[in-house]
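Each chain carries a letter (A, B, C and D) given by its place in the written order, and its residues are counted from 1.
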Amino acid sequence: MVEIVFLAPFLLGILSFFLPKETGRIFLVLTGAIHLFLSVNLWRKRPEALLPDYFSVTPEGLLSLIVISLLFFLISIYTAAYLEESKLESEKMFIGSMMLFLSTMTMVTLSDHIMVMWIAIEATTLASAPLIFTHRSKASLEATWKYVLICSVGIAMALLGTVLISLAMDVGQVNVPLSFSELSNAAKDLDPMWLKAGFVLILVGYGTKMGLAPMHTWLPDAHSEAPSPASALLSGVLLNCAYLGIFKTNKIMIAAGLNDFSGTILIVFGLMSILAAATFILKQTEYKRLLAYSSIENMGIIAFGTGIGGVGAYGAILCLIHHSLIKSSLFLTSGNILMGYGSRLIEKTGNLAKLMPKTLVAFLGGFAGISGFPPFGIFIGEMFIIVGAFRTGHYVAVVIFILSLCVIFAGFAKHVMKMSFENVEDDTDIQLEERASMIWPQYILLATSIVLFLWIPDTLFKTIIDAVSAVGGGF
Amino acid sequence: MIHSVDTILSLVLLSVLFAFASNRVTVLIKVIAFQGIIVSLVPLFTSSELTMGSINFILVTLAIRGIIIPLCIYLAIKKVSISKEVEPIIGYHASLFAGLLLIFAATYVSHRFNIPSVSESLLLMPTAITILVAGMFLLMARRNAIAMVLGYIMMENGIYLVGTTFSTRTHHIVEFGILLDVLAGVMIMAIMLQNIKQKFDNVDTLHLRNLKE
Amino acid sequence: MDLFFQSLLIICLGGFSALTLWRKFYLMKVASVLSIGAGCFLGLYDAMSKMIESGQYSAKLSYLNTYSLSFRVDELSAFFLVIIFAVSLLSAFYSFHYMEDSEKSLRTGVNYFFFSLLIASMALVVTADNMIAFMLSWEIMSLSSFFLVIYNYESGENRKAGYLYFVFSHVGAMFILAAFGLMYGHSGSFAFTANLAAIPESMKILIFILAFIGFGSKAGVFPFHIWLPHAHPAAPSHISALMSGIMIKTGIYGILRVYAILGHHSLACSIIVLSVGIVTGILGVVYALGQNDIKKLLAYSSVENIGIILIGIGLGMLGMASSNPVMAVLGFSGGLLHILNHSIFKSLLFMGAGMILHKTGTRSIDLLGGLLKKMKFTGTTFLIGSIAISGLPPFNGFVSEFFIYLGGFKGVGMDKMTFTMSLLSIISLAIIGGLALACFTRVLGIVFQGEPRSEAARNVNEDGISMIVPMLILAFFCLVIGVYPKMFILMAAKAMSSLNLGFSQAPLEPFIEITGNITCAASIFFAIFLVVLALRIFLYRNKTIGSSGTWGCGFTQPTPKMQYTGSSYAASILEFFKPFAPLHENHSAIKGVFPEKTGYNSHISDIAELHLNNAVVRPVLYLFDKLRWIQHGDIHLYIGYILLAIVLLLFFV
Amino acid sequence: MMESIILWVLALLSAPFFSALILKVKAFFGGKKGPPLLINYYTLIKLCKKGSVYSTSTTYIFKMGPMISLCASVTVLMFLPIAGHAPIFSFRGDIIFILYLLGLGRFFTIAAAMDTASPFEGMGAAREAYFPIICEASMFMILILFYTLTSELRLAAYFTGCQPLELWLTAGSPMLFIIFSFFIVLLTENSRVPVDDPATHLELTMIHEVMVLDHSGPDFAFIEFGSFCKLFFYSTFVARLIYPFSTYNIVWDIGLFGISLVAVYAAVGVMESVMARYRMDKVPQFVLTSFALAFFAIVITLEFVK
């Protein structure tokens, strides 16, 4: 009974619209807990789906699911405190959308049918739009508008891509269900030209959602305007969901022996994303946008790693997991900072070291993690990607990769130094008490990254290997 | 040989040109509704066998694409009494010319590829490509937010048309899911339109370019 | 678990205990200093015994299920371990009285935490035996030292220093990673012991260059040294001692290790190392001479010494390239010994500078003066350190430079290229020696001698036994190595044996002969000194010893302000190096018959820093600035991007 | 060995005498009678009899300075093959040790000068720190040439017996360059005209003399004696190069060596009499000349002679 994992939050989400505010918060945490329980259960049992044509438990899906579930649970704890502090008007809407969002993302991870996956991914857009619009300001309206429109257009392209893949089946006279696993098995017989065209469209489509440059344009707006817990969810898990679509399509490509084609495209998009992130990180003025661009960078890294294949693909999966953990922690931290200083501008924030020491620990930890310092997992992921790229002989690409990472680090570090240590001009009084439930979720997320950096449980490891071996990854 | 569906599809092509040239939002909505109806009816002509299920599905599609979606937008406009000008970025004449070029190119491209279409229709593929790209054109060339939403719907229609051209293997439930998604998307966009109108007093996207870099 | 890992654990324990005990300031200091000290002591003992037994110890930890983190202590590692633990031990004790601000209790605790991490990670860097373990420890080292550098983050200068350091170390790490990536690309294994024979020679040179840049940026090799003179002064002095004394040597270690792994003895690599070493050495000391900040000066002097070490290693490599084992052995052992020596006297000097900073509150040498009278121990040990760092006998700096000289002279008799490089190394060593002498007589003369130039320098005292004793110990070793270098040079020679030089046993006889000669020469000097001392005592018996002010050559109202300043002392030498050390003066012109009070200040700029700004930072910023239009806020074009991406990609289908 | 020690003692004893020669030559050029040849001995004895006055600014380094610089000079002479006879000590690389030992002496001279807090002594110290850098470079340049000629790195290998002749024979005319180069180094290191004028009365223009302004009594005697020894040391180099032979008879050798030494000292004297001091900023160029000469000598030797 796989479907319950996404049906449960769906129903609970609908239900939450009818609950009073205070109950809603508890309900949210509860939903997170239930979902986590269900996901862990799913992980352990790996049951068959009721609708095996549409849903199945795949290793890559499981990985994403468990990350989503864990993140959502922690974020829901934070959200409960956050809502108490921030006094949103549309709290009910927010909580309900969070749960629906969770439900749709879960559906993405569990769907195996290419159309169903499309439906689920489009549904995530719709479910998350209210989250971005929470503040009801002009800016958030603009961000939501861009988000909905760009993502819808992009994802429409993915739909076209899936249609083209089915065309490739027609041309190649393959008659199997439209599920990723079946398609991978029959990939050799698919018509390569239409498959390629389909892949391109899917890549652009889901790439829009994932935040690959130049389709990333909605991302910084949406992340900066959404309330921080929502940004954490968007950046931490939504991007992964979109990546899942690309990953699975790439699997078909590799099975069809077109890995050169798909790999090159992924590498190019990855590099473009990293460069785009570098462009805007250098002189960024808002810290939430900074984090958003850093997400674009990391998505670029992941796409690059996937394109490299081999040990690079393994590195990409590690980056994916750890990026979710670290970036969501960073976004939650940014929520604290935003509430503390009341401004999104880097200029107006400063001297976290003195004013918000506990937040600073989470902030610096997250920064170190996201820039690829040990003991956080992105370090090892990036290392694998780089050595993998050398192994496969992508010298030019890896040189660009390394240099732009350096530029990004220089830009990022500058802002972080400013925010953490530099004095703010006037005596800012911090309007936030650093309470445990707004600090510990971040700490736990970072600690998870550290633990997973040092030690990966066998079952998780096996799942990762199952996932990457399908895209020609390994070690 | 002229396939029966080609007749109505040529009307769709014409409607694209019409949409490009028109400066009124209401006209555009009507064009979209017309396209929605035609596009939903195409499977009737192309499918080899018609089951009860598929006929039902066609009816539902017709209802959503041809009626509910345009109505949604129309109501949204009505409610907030938005100015009717589409505010083109690319002028009407140029748009018209682009539309002609587009139709030509679409025909050329679809003939280049040897697509084993399930139907013998000559115009199906060119029309699909045309409205797909035309939708994107509207998205890019019209400042009016409503026109952009309409462009998106047109694009979706195009994709649907491409899908019906050759995909017979998806179950209706899946297609229905897709349809639902589109519907929900359009509804959310309609809500956004209302909000834009409330916040900015009109739906010109000129106001929506403050977030950058 | 091996004693080595146990000692690291104890060290880290000290750091953690500081984090937990920070509310009780003295308890925290005692606990963490004792724990870190005990760990270092154990580690030192262990490294010594490994050095003596020369048994290779290796450990392998399974990592991420399929990989491993392997560590191996061979002779080279043991050599570095000895240095790391010894200096860390002393600086841990030094910190006890140095970190006295109980109001910054939490910050001190954090400082101890990262201090312990830094020591542990350095020890792991020099023992790491595969790429993963190496990069892991390397990055932890960078990270923890970054936090140590911004200890005093209130000052903008320190923040800038921390930032520069952070960026440089990350970029450097990326270069190292690229070098490792190339190796991995050919061998498909993360192990350092992997067979690299299949790599083409040109690729080996490329790998070496990449690694050299990466490690060089940590070691402070010109032009990647820019962070160093900013970061070392910013850190608390015991950290500066640690960073300058050993952390930058891990860069040298990396270069040596990569050299050993590649087993590639080409002329090209040695020429690169040598020429970079020469430039680093000379410019380092020139900039040192131009500094007015005592810790900055010491930092630049570290750059200089890295240059000397590189000259030694480069000569060794040159010897290998021209198959002259004696030259190779002399060069490498000189370079290695200089690593040891430099870590001794540079920590000593930084500790001295720390004492001055601690007591006077200023680092500007032109505000100091006459400290020797008030700070007997600091002054004397600083004197010893200064002599040693100038490479003068009978102290340790001379011994290593002597070996490098001998190595250089061995190369003089060889073919043209070797001859030219050797000639350049010898001459530049001579020039570096002379400049270092000028530089350190300047520091000594301005800071410790003469009359105090400010109130801060006038009222000083010297206390804090835990700060004095480490300096005494270090000074003692300066002398011991200078007079009895045999044991230490044998240590260096032993370390050399894991450099994969191709001959199983390095010829040791020349060492014993040379060290004997040095001991002998030093003894002669001391004997004569004793005779002269006796003579002096004899001549001064029953004499009247007068005391008066310094003769002012007719000027009867001398003030401390009339003394020669550090800037004027260095001015004429800097004039000579003007193209490389542009001088910026800042003074208002004197106008009128009764001019107002005026001031003068000057500083020299580092050309690497200038050019980094002009040639790298600005173009990069410009380029990316130009790209910023892509995100201009207009949704229509955003949708256009999507279409464009599709259309472009469809062309490739 | 015994002979070496005797020679060393002789050298120590005769060093002040030779220095007085310079004064004599200068007096001759000035048309004066000049001080007696033993003037330096008188001075030393006089100084030794006196007590000292120390500045209140000074520390123990001020007292160490004279001792160390004297020690350095005296020790250096033990490695010097006087009159072509083997020195007391000699080992591979001793020349480097010697040069650095002289450096140590310089270090302490400078440190002692800085100890007095006198601006004039500081000025002298700065110059003392500057010019020898170039000297040292040219010394090493010469050393490289000698090494290529003899493959030895011992002072004894260059200047004992007929070794200098060997140098002349292998290198030929470039050796003339070396003599000049050495001579310039000699003038610089010992603060003679045209680098420094020991007889001037203006402190601003002095180098060595200004650095020792505050020393008095036996301390000053040490300094004076040390500088005599140092001058002797450098003069020996030049003397051995202009008289490269050896008769293998110690008495003859001493005699002929003495004569050539006299010639060198006289040359210094002549130099001082006919030349004026250079402006301070011209001095580096002058010293660089020696470096250039040595460099050319190497180039020529390697390119044309071998």
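FYI, a contact is a pair of C-beta atoms (placed from the backbone, for glycine too) under 8 Å apart; a residue touches a chain by one contact, two chains touch by 3 or more.
These numbers were taken from a predicted model, which means no experiment stands behind them.
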item: Centroid-based (C-alpha) most distant chain relative to chain A; value: D
item: Chain pair with the higher count of C-beta pairs in contact (A-B, C-D); value: C-D
item: CA centroid of chain C to CA centroid of chain D, Å; value: 36
item: Interchain centroid distance [CA atoms averaged], chain B/chain D, Å; value: 99
item: Intercentroid distance (Cα basis), chain B paired with chain A, Å; value: 31
item: Separation of chain A from chain C, taking each centre as the mean of its C-alpha atoms, in whole Å; value: 43
item: Junction residues of chain A - those touching two or more other chains; value: 145-146, 149, 153, 220, 280, 283
item: Set of chain B residues in contact with two or more other chains; value: 136, 139, 148, 205, 208-211, 213
item: All touching chain pairs, where touch follows the definition stated at the start; value: A-B, A-C, B-C, C-D
item: Footprint of chain C on chain A - complex, ascending; value: 145-146, 149-150, 153-154, 157, 193, 196-197, 200-201, 203-204, 207-208, 214-215, 217-218, 220, 261, 265, 275-276, 278-280, 282-283, 353, 357, 368, 371-375, 379-380, 383, 386-387, 389-393, 398-399, 402, 405-407, 409-410, 413-414, 417, 420-423, 454-456, 458, 461, 475
item: List of chain D residues in touch with chain C within their complex; value: 48, 50-59, 61, 67-68, 70-72, 74-75, 78, 89, 91-94, 96-97, 100-101, 103-104, 106-107, 110-111, 113-123, 125-127, 129-130, 132-134, 136-137, 139-141, 143-144, 147-148, 151, 153, 203, 213-214, 217-219, 221-222, 280-281, 284, 298, 302
item: Residues on chain A engaged by chain B in the complex (per definition of touch); value: 53-54, 113, 115-116, 118-119, 122-123, 125-126, 129, 133, 136, 138-139, 141-146, 148-149, 152-153, 156, 159-160, 163, 166-167, 169-171, 175, 177-178, 220-221, 224-225, 280, 283-285, 289
item: Contact set on chain C toward chain B in their complex; value: 628, 631-637, 639-640, 643
item: Chain C - residues contacting chain D, complex; value: 369-370, 372-373, 379, 383, 386-387, 390-393, 398, 401-402, 405-406, 409, 412-413, 419, 423, 426-427, 429-431, 433-435, 437-438, 441-442, 444-446, 448-451, 513-514, 517-518, 520-521, 524-525, 528-529, 532-533, 536, 539-540, 543-553, 558, 560, 562-564, 568-573, 575-576
